[in-house]
Structures are given as C-alpha cells and as structure tokens.
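Two complexes are shown next, each including subunit A; its partner changes from subunit B in the first to subunit C in the second.
And then the complex of A and B:
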C-alpha cells in the first residue's frame, strides 16, 4: 500500500470524524471507531472521491467491510 | 388465527408434540406444514399468492447468485422488485383509493363486503423478499437452500403476521437445522409468550380505554387530560406492539429458532436518532439498508443536504407505509425533521453538552425523546389531521378546569385497578429480566393470575396487525 494513499485516507477520516489522533489499520471497521456511522461513512466516501479523483458505484460502497478493502478499491480505480 | 389467543397456544403445543415425534428433516417439514396451515386459516387464495411470490423471489435469488451478465442481473433484479412492490401497493392502497374515488365521484363509499381483505402479513413478507433479492443482487448473500426451505423462511408462522422482519442470512440456517430445541430455549420462549400476553391484555387493553376517551373528547378533555392521554397513548402502543413481538419471538424460540430482536428498551433513548435504533428495530434497519443508504449514496454529492433529503424521504415512506393518510405522512416527516436536526447540530451539541453533568444530559435527553415520541404518536393515533390538531390545541391552550376528574371519576373502581395493572408492569418486567428456567413456572403463574384478574380479555386486535 503506498504511503501517499494511506496518509491521504487517514487525513480524510480524521477530518470527517473530527479526531486528530485517529490511527487506521487495514482491519479497522466502522464498529471500532466512535462516530463512524452510516452518515459519516457516506461523507467519507464523498471526500475520498474528491481527494483521489475516483468514482465508486453504489454496490462497491455498500460491500466495503474495512479500511483495507476501501484502500484496495481506491487503488484499483487509480490504475 | 390471532397469536394472542388460547387457540394459538394449543396450536403451538400440537406442533411441538408432532415435531418431537419426527426425525431430523421431518421436523422442518412439520414447521413448514404448520406455517402453511396457519396462513391457510386466514386465506387459502392468498396463501397461493404468497407461494407464487416465494417461487418468483426464489428463482430471482437463485439467478442472481449465478454468474449472469450484469445487464441480465439488472433486469432480473428490477423486474422482481417491481412485481413485489406492485402486489404490496395494490393490496395495501387499492381499497383506500377505490373508497376515496367513489366518495368523490358519487358521495358513497363502497359496501365493506364489496371490498377485499389485505393478505395477512403482506408488508412484512414483501420486506423479507425484497431484502433477499437485493442481497443476492449485491452479492452479499447467496441462496444455497431448497425451495421448500425458502417457503418456510417466507411464511414462518410466528413472524408472518407483523414481523419482526427476518433476514435470510441468520434465519434460514436455523430453520433447516432440524434439531430439537434445548429445554432452556423452550422455557425462555414460554416466558416471553407469557410476558407478551400480560403486556397485551393487562397493560395495553386497559390503557386503550382512557386513550380512546381522550381522543373522542368523551369528557370535554382539558389540558391535563390531553397530556395524560398523549403519554398513555405512547405507553399503549409500546405495550401492545412489544407484547405482540414477545409472543412472536417466544413462539419461535419454543421451537429453538431465534428471531431478531425488535425492541431494546426504547424509552431509555436519549435522542430520536437513538430511539429509532431501539424501536421496531427490524423495520428501522430494513429502511436503513434498503432505502436510506442506497438513496443517500446516489445523492451523496449533495453532502449534508443529501443526508437530510434522504432521511426525510425515508421517514415519509415509512409514514405512508403505515397508511395512505396525511396523519401518517406528517408522522413520518416529523421523525425525519427531528433526526435531521439532531444530525446537523450533533458536533455543536457535543461540544456544549460536555460542560454539563452527564446525568443532566442523559435525563434531559430522555425527557426530550419521550416528549417528542408522545407528541408525534398523536398523529399516529388520530383519525385525521383536524383531530390531531385538536389534541395539540388542548395542550397549548391551557385549560385546567375540565376533563381530568371526569375521565377518572367515570370509573373510580376500575381506575384503581388500572393503576395496579399498569404499575404491575414494572414488577413483572423486573421478574422477567431475572427469571431463569427454574423460576419459569412461577413467572407464567404470575402472568396467568394477572391476566385472569386484571386482564381486559376479548378486546381489540394488535395495533400493528393492520399494517
């Protein structure tokens, strides 16, 4: 996983969740992070689409299980 | 067959005996036969309709689990969803539309016998089927069970009438397991059934008389009577609906099947958002997964405005689902507006409320949530908007002179009994939370005694039976 992608993803999550000390791992899920509800999830997706200039389908967004899968999806769109 | 009757308890007993005599697969067949008989008692022709819909949805879920090309998948999915929705909309709203149309056209409503009954549990059945087909389309679930098992899942008798709305993922494997339930599950089921009967007959049915009087202005309702009517109305709908759900979940558990919980002490919620995660949970989560989130994802570019729009549309649909009336629509929109306001002010509130003691924040949150729920339930209960406005008017224009004394004085002896009955709910709930397998006979005995001496038997059907 490239550092740029991981750093960018962490920045988006920290801004959306208003938590400057948030640390993400590939296995991080919404249940483990306070404030990461369905609404924040969609706002994170919008911010990621803008930051990385990618576009996700509805199915792709709803199938995401953890941060690792999210990062892999972004990378697949950037190729 | 109503599930709050002695006949239903007899039905459960007979199935349990038959099931115990069967080998593994035979137990599944026994449950399937019981479900078919349960539905056939309501209507054989609608049973055939639902079996047809089971066939369509099974075929669609199976097709979507295979490697079809995307275009064909979209056609299968869209077509199946449209058929399910068309059947639901036709049966749920056609009678209303025809009645309204005839009233406008010639001033007469059609005779009741000329209309048609709504198939038992059609809403919950449709939600169940739509979830299966959508999950198969999203490839988050695939069907690997036979058609008869799928029919049992669709028509499983404890939950077909009014939910809870099950998901195939957790329920189907339990249904086809064929194991006999362990004694602890059977006893937990019996306790839930007894508690459900108690809530319905002792609490909900008794409260109903007061609420009905207040809404009919039986005693020239004053402000205090209106206020008590609003609070009792909220309490009644909770006792009534959670009583039904306890009987449904308990009946399933009697056969070793764990249905999804539908209530999680909703009156302890500190916000309307939290309330909807604790109230009618299977409907809330269904709306979230199959309407709200897909809609929000499609309009995500609108940011927070999109969130508000998606919430209001979702709750408006939730309101209309209850019935094609202005009161239900306004009820839904009110919930949507409250949730939107809470979401938009969440970070602002969090920062400011940190300065206050935790207990003050928690209890004021509960007071606000309960107050909002009780007020919005007026729309849920009222026959029309003018009646709801009339109740709200009584609350706003203070008038302490009339109503309350007459309301209680009309039945002084029964008023005392009603207080005992409603108060006993706290004790029975406490006993239920702590009851074990050993204390089950005592718990059932207590519920039985209270039902016999304080129950209002033979009263109205469950409120949610009409949805």
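And then the complex of A and C:
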C-alpha cells in the first residue's frame, strides 16, 4: 500500500475522531477505536471521498470490515 | 423535491446559558421550551428567526461523543433543516446527488415525525423533516 494512501487515510481518521495519536493498521476495526460510531463512520467515508476524489456506494460502505479493506477499496477506485 | 427552510442548527454547550445570552433581545422572544430528542442524545429549542424560520439550539447529552467532539473544535452553526412534503423522495434526490444518509429517527421536537440527517459530498450537514 502506498504511503500517500495510508498517510491520507490516517489524517482523515485523526481529524474525524479528534485523536492526533491514533495509529491505524490494516486490521483496525471500529470496535477497537473510541468514538468510531456509525455516524462518524459515514463522516469518515465522505471525508475520504473528498480527499481521494472517489465515490462509494452504500453497499460498499456497509461491507467494510476493517481499515485494510477500506484502503483496498480506495485503491481499487483510483485505478 | 420541494423543500422549505425551517432552521439553522447551532450547537450549544449549555442551553440555559445560551438562552440567557439572548434574553431581552428579539431573538429570544417566542423561544420554545427545550425538548429532549432521545434517540439523538440532545436537547433542542427553537428561536424564531423570521419568515417561519428558526435558530435551533442543540445541546448534546454528556454521552453524545460525536457532537461533543464538534463542540470541542469550536463548531457552532453546523446544519440546515428543511421541511419536505415527501421525505423519502427528497432523501433519494440528495443521495443521488452524492450525499450520504447519516441517521433517520422520529423526533420529539416535531411531534414524532421522521427526520433524516445527511452529509453532502462537500461535508455539509442537512436535516430533512417530514412535513405535517
């Protein structure tokens, strides 16, 4: 995974969750991160869409299981 | 999709203190009593702003992490509320335009009618309220 993608994703999560020390791994899930609730999840998705100039469907968003899958989805949209 | 502007939502840390700020001014005249919207973990009240529109003060409950984060960042005005005759049709039109649905709930502030929060592709929050 490119550093640009990972750094951008980390920035979006840190801003959305107001947590400057948040560290993401590919296996990070919502349950492990304080404040990552359903509303924040959608806000993160919209921020990612804007930052990476991609678009997700509701089904794609609901199927995401962890940050690694999210990153892979972004990458697939950028091809 | 016919929408009518109803209110601008404004986050406040303390409802009583916010209302006191406007006491004796035209804005406070006719302010509604605060109402708890339980599913959203907030209390709200409406201050008439002319032409059938309102400023909605929104006070998050202590366990409303999302809105409390916004307050900590200094956010005040944060959403625009519209009345709509056909809620589902209006939601679908905005989703088609790139918005995402955040939450759908029945609001005590509107007699139990359905409301939907959406966020646009440019990260602006919109509340659609089912017209009576």
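Assume the second predicted complex is superposed on the first by the 79 of 79 C-alpha atoms of A that agree within 3 Å, B and C clash if a C-alpha of one lies under 4 Å from a C-alpha of the other, contacts with A are read in each partner's own complex, and residues count from 1 in each chain.
Following the convention adopted for this analysis, a contact is a pair of C-beta atoms (placed from the backbone, for glycine too) under 8 Å apart; a residue touches a chain by one contact, two chains touch by 3 or more.
No experiment lies behind these values; they were computed from the predicted model shown.
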Touched partner set for A:63, first subunit B, second subunit C, both or neither
first
For A:3, using the defined touch cut-off, is the partner it touches subunit B, subunit C, both, or neither? Pick first, second, both or neither.
neither
Touch count on subunit A, higher of subunit B and subunit C:
C
Determine, under the contact definition given at the top, whether A:55 touches first (subunit B), second (subunit C), both, or neither.
second
Just checking: does A:42 make contact with subunit B only, subunit C only, both, or neither of them? Give me first, second, both or neither.
both
Contact-wise, after the overlay, does A:20 reach subunit B, subunit C, both or neither (first, second, both, neither)?
neither
Show me the subunit A residues, by the header's touch rule, that subunit B contacts in one structure and subunit C contacts in the other.
18, 38-39, 42-43, 45-46, 58, 61
Please output the residues of subunit B touching subunit A within their complex, sorted ascending.
138-140, 288, 292-294, 296-298, 300-301, 303-304, 306-307, 343, 347
Enumerate the contact residues on subunit A facing subunit B in the complex.
18, 38-39, 42-43, 45-46, 58-59, 61-63
Help me check something: in the complex, which residues belonging to subunit C touch subunit A?
65-66, 69, 72-73, 95, 98, 100-103, 119-123
Of subunit A, residues touching subunit C in the complex:
17-18, 34-35, 37-40, 42-43, 45-47, 49-50, 55, 58, 61
